[in-house]
Amino acid sequence: ASGQVVLRVGDQKGGSQALLQAAGLLDGTPYKIEWSTFTSGPPLLEAANAGAIDIGGVGNTPPIFSAAANAKITIVQAGQHTGPGDAILVPSDSTIQDPKQLKGKTIAVAQGSSAHAQLLSVLNKFGIALSDVKIDYLQPSDAYAAFTQHRVDAWSIWDPYTSQALLQAHARSIVNGSSGTANGYSFQVAATKALGDSAKVSAIKDYLARLAKAQKWSGTHKDEWAASWSKVTGLDPAVAKASVNDGATLPIPLDDKVIASEQQLADSFTAAKVIPTKLTFADFVDKQYESTGS
Amino acid sequence: MSIPVLAADRTHDAPSVAAIPTRKFRRRPLSGAWRWLSPVALLLVWQVASGTGILPEDKLASPAKVLAAGLDLATSGQLGDAFAVSLRRVLIGVAVGAVIALALGITAGLSRWGAVLVDPPVQMLRTLPFLGLIPLFIIWFGIGEEPKIALVALGFAFPLYLNVYAGIRDTDPQLLEATAVLGFTRWERLAHVVLPAALPQALVGLRQGLGVAWLSLIVGEQINADAGLGYLINNARDFLRTDQVVVGLVVYAGLGLLTDALVRALERKALRWRNTR
Amino acid sequence: MAQHTVTVRGLVRQFGPRRVLDDLDLVVRQGEFVALLGRSGSGKSTLLRVLAGIDRDADGEIAVNGTVSVAFQQPRLLPWRRVWRNVSLGLHGVDGREVAEKALSEVQLTDHAQAWPLTLSGGEAQRVSLARALVREPDLLLLDEPFGALDALTRLAMHRLVDDLWQRHRPSVLLVTHDIDEALVLADRVLVLHEGRIVAEHTPPAGRPRRHADLTELRARVLADLGVATDEAA
Amino acid sequence: MSIPVLAADRTHDAPSVAAIPTRKFRRRPLSGAWRWLSPVALLLVWQVASGTGILPEDKLASPAKVLAAGLDLATSGQLGDAFAVSLRRVLIGVAVGAVIALALGITAGLSRWGAVLVDPPVQMLRTLPFLGLIPLFIIWFGIGEEPKIALVALGFAFPLYLNVYAGIRDTDPQLLEATAVLGFTRWERLAHVVLPAALPQALVGLRQGLGVAWLSLIVGEQINADAGLGYLINNARDFLRTDQVVVGLVVYAGLGLLTDALVRALERKALRWRNTR
Amino acid sequence: MAQHTVTVRGLVRQFGPRRVLDDLDLVVRQGEFVALLGRSGSGKSTLLRVLAGIDRDADGEIAVNGTVSVAFQQPRLLPWRRVWRNVSLGLHGVDGREVAEKALSEVQLTDHAQAWPLTLSGGEAQRVSLARALVREPDLLLLDEPFGALDALTRLAMHRLVDDLWQRHRPSVLLVTHDIDEALVLADRVLVLHEGRIVAEHTPPAGRPRRHADLTELRARVLADLGVATDEAA
């Protein structure tokens, strides 16, 4: 091929590009990166499936849905964040003190999001049947409005919305990811087609290494990262800071533990009839490209 | 009256020559059945392209696959339920929107002050994006049926308003004068002149409005919906079920044709007076 | 003294720089039948529009008493109402249909009561418009070339119709026409409009029905007013 | 020509009585400046409601706060950049859409077979939801500028098509006959009769189309966008910046008013012949 | 023998059940000036529409040779074209403006060349329509009551205009009119249409210009054809 290799990377606002930039790791790549910005994970994977991008980062749940649709994607790297960012919130004046009291309540959640997964696992853990709650599917911005207006009793959500609600909407967290109800994973997902091109593969490997390094950097430079993140996204600096302090995303090995946890998640979606068929998550994973950033 | 019937000159000494050049301008529409031709042809092309692999499955699911997905959705009752739920929302929204659009359009069309006071805000509001409005609608209307119906009403009202207003403004002033001289009040002129004159254009607005009404549901049924056509498509899209997305698109296309047939029937009935010449 | 139906004083109507009606004075007495002649473009229709209250942009004193009915130069029928409905529009009444059909039979259009206006011939449309104006039985009848598109026989019938109606109800009539014979046979007074004013006034002999033969001399005088040399036209 | 000027009867023996009852039907539009009245009034009501707390901050940000957010976006250059990017997309999309809509509308309007072949598929397609089309557009057009422009073109084309087609169909057949007799070809009739006759309605379509074109960007700029007005709103929405969302709404409202002013100017110029009587 | 401009045989035109033209035969020779009289609604305009090729739903043999120009009963001006452009529409030419303005001066509308059609008076619009038909210099000129809205003087001027044009270019002319004098002064042959056919044909004396006084007897005959008793109308 003539000229430079071009790596087409799908990103979300304040995602990988912002991170690499803030960590100063974007310079001197032996290939050219072409960034594409998506509003959320599902459309990013839609583009990956269509071969319009080569690689991109998403949360723990969108790959499950893509896999359920037999999309032509391959999961090539994992990250994890811990801490209270993934949470179920109630208004501060709510009578709900304990997840058990969610029975019979109305809960807002974005369908197919990591918070959806978290909600299912919380309900499962506390022995509440799906039929015992009313789930209102709302995108975060809509849910935020509904939550502040007391149109819903609880809201299952992720950061930075969690921080914003806690700081600005008098929300109270009744359960969060640190209690093990959310696995906190995120993934780098490649278009299967891109993995057939050796030039692209080496670019992807290099990119994954840089990204892992950047993630580590963000864990050690929280204030810097929060400042530049808030600048890129327009997020309230206080919210950004709180959100970053909740826990950084760090590279982890794409091992059987990760796959098993995701498989369990997928099964709970299948059980809840959110996805129609059973799927094998491992079929969509390929470990040979990953880097832990060391 | 006495008309002496003379024998007209019947002896032609020149043969009948050069027929009149054919010119067509009175468009006598072809039979309605022909209108199925191109939709069916499109379907065939799609099937052939899919069958021969020119249109690979990953670019667009084949009609057969879409049909299967559609049957699946239909037999499971999902499609029927979704349709029923959405239809109810559309009907209520359209009724509300029609009242608003007619009231505003007539006010703006009939009175100069009405035009000056009503038209600018409507022109302002009609370009507001639904997606941006949703958070506000949730705050104002909650997350039940109301915001969905409000979106349908809004989507339906604007095209109707624009066309009703324009139709009224274009009313032949000669006819208005003629009826004014007959002592017609403003309301009588409305009933006898203005509305019939604006009708053809109002029907264009109706056509557009009905289309937009259904489309509004795609956005509206993002808000806390667990049923409805819009929800079905949104959901299928979230799960990358392109075959189901295409089912949704086909249903919408069918709704488009249905709307068209409906409005055409209305037109035929209401505009009979034009087809006489 | 009875009130005048129309009293106009110093009427001016301008279109751009052009004064089509220029300081025009006109009186139509109650029950009077006035014919208005004038060159094409002299402002006859404009005057009628002012009197009908349609044209609000004229200056001068204008007073009109009573109800007004107009047969416009163009028929101005509502194309979406059948012929009989167009006629009954003038009525605001309940038994509109019957009256309308009677009026239509008087203008010889019984067969076309159910027709759509767009299917009518020029003369037929003109008669529907006339019927619509007549059914109202107004105090002031403004007729703008109402017989222009009619053949000789139908025209005579319409003359008779208008004359009858006038004899019976005695409305004031202002008839615009280009047919001098028509004006002389029907009107009490014949006016000529020229350069924005009434420049001539003639009074045909009082008796009715008038015969064309009796009017030859007056006809020549009116033609002269209109600029036509008699040997040319007679 | 000899016109003997007789003294007209100038002696009135009855006083001028009962003025003609006032009837208005020639709607002489009020001066354009009055059109600002109600938008400004709306703004004032909003400010007062916010200031007095009737409209709490969490229901709708106050004009002052929105203004601050707007200034912020403007001075940081974001708003200007977004506008420039979106404007470019709209211009290209509108140009493409206009060509398509006019070509189809004229084909359908002028020929009976055109109507039968072109109209049904367009009626089908126009009700297709953008959100459902995006996956297909990504597959067909990728994620660059093309799908965004395609959405704008599509959004613009449908209202224009519907109105052009309807406007052409409503052309007075008497005028078509008159020009046909003058030996005008189909294309000459188009230029001299059909298009001028359809113009008022086409302008209604233009008005609607321009509105929809900008709205299409809200959806279009969800696909791989990092600039543009739609992106700005989407982003503000995602990051819960309601004040910025409202800034976006206000910009859209302004675009609505601008479009309106533009089309009104066009109307004034193109329809001069109607305002003479 | 020269070709006929119009040859019609067994022409039938139905609207619903009604046969407006019923087995009609008509020949117009090259360069002949034919006038067509008939009651309102007798089918004169319908016949002209068939001859102009506008009405394609008629049955029978219809042959028309050469270019056709029509002045319709209603002016049918394009309201969005200024008056002179409406006239030059008939030309398809380059120097349209000049020819159009000359034609407008001939119909006495020089001042209105720049006006919009909607501002014209009834008679003015009719003359613009006439000018548009005349500038084409066609082989067949179909005139449908072209002088109906004109005053006596203007009408005479228009008669002269059409007569001049006919003398110079010798088109075949079919003139529909309700004015018998007009028909007798201008035409070579006067036809009467009744119940769907040509039922009468008269030939005025050959010389031109004809004087009204010489036509009194023929006039009475035509009036009788049209059903008008002479004493009533003369």
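Lettered A, B, C, D and E in written order, each chain numbered from 1.
As a working rule, a residue touches a chain if its C-beta (ideal position, glycine included) is under 8 Å from a C-beta of that chain, and two chains touch if they have at least 3 such contacts.
The chain list, named the UniProt way, goes like this: B, D = Sulfonate transport system permease protein; C, E = Sulfonate transport system ATP-binding protein.
All figures in this text were calculated on a predicted structure; none of them were measured in a lab.
Note on connectivity: the fewest steps through touching chains from subunit A to subunit E is 2. Placing every chain at the mean of its C-alpha atoms, the farthest one from subunit C is found to be A.
The chain pair sharing the most C-beta contacts is B-D. Centre to centre, using the average C-alpha position, subunit A and subunit B are separated by 42 Å.
Averaged C-alpha coordinates give centres for subunit B and subunit E that are 45 Å from one another. Subunit B and subunit C, compared by their mean Cα positions, are separated by 46 Å.
For subunit E, residues that reach two or more other chains under the stated contact definition are 53-54, 74, 119, 153, 227. Residues of subunit B found to touch two or more other chains are 1, 23, 25-26, 58, 135-136, 139, 177, 180, 237, 240, 242, 277. Contact with two or more other chains is made by residues 46, 50, 141, 144, 148-149 of subunit A.
Those residues of subunit C whose C-beta lies close enough to touch subunit B in the complex are 49, 52-54, 67-70, 72, 74, 76, 78-81, 89-90, 92, 116-119, 132, 136, 153. Contact residues on subunit D toward subunit A in their complex (touch as defined above): 58, 134-135, 138-139, 142-143, 222-226, 234-241, 244.
Taken together, the subunit A residues at the contact with subunit B in this complex read 42, 45-46, 49-50, 65-66, 68-69, 71-72, 108, 111-112, 136-139, 141-142, 144-146, 148-149, 151-152, 275.
Interface residues of subunit C, counted against subunit E in their complex, comprise 15, 37-41, 45, 73-74, 119, 121-124, 127, 145, 148-156, 178, 180, 211-213, 223, 226-228, 232-234.
On subunit B, the positions that touch subunit C within their shared complex are 1, 174-175, 177-184, 192-193, 196-197, 199, 272-274, 276-277.
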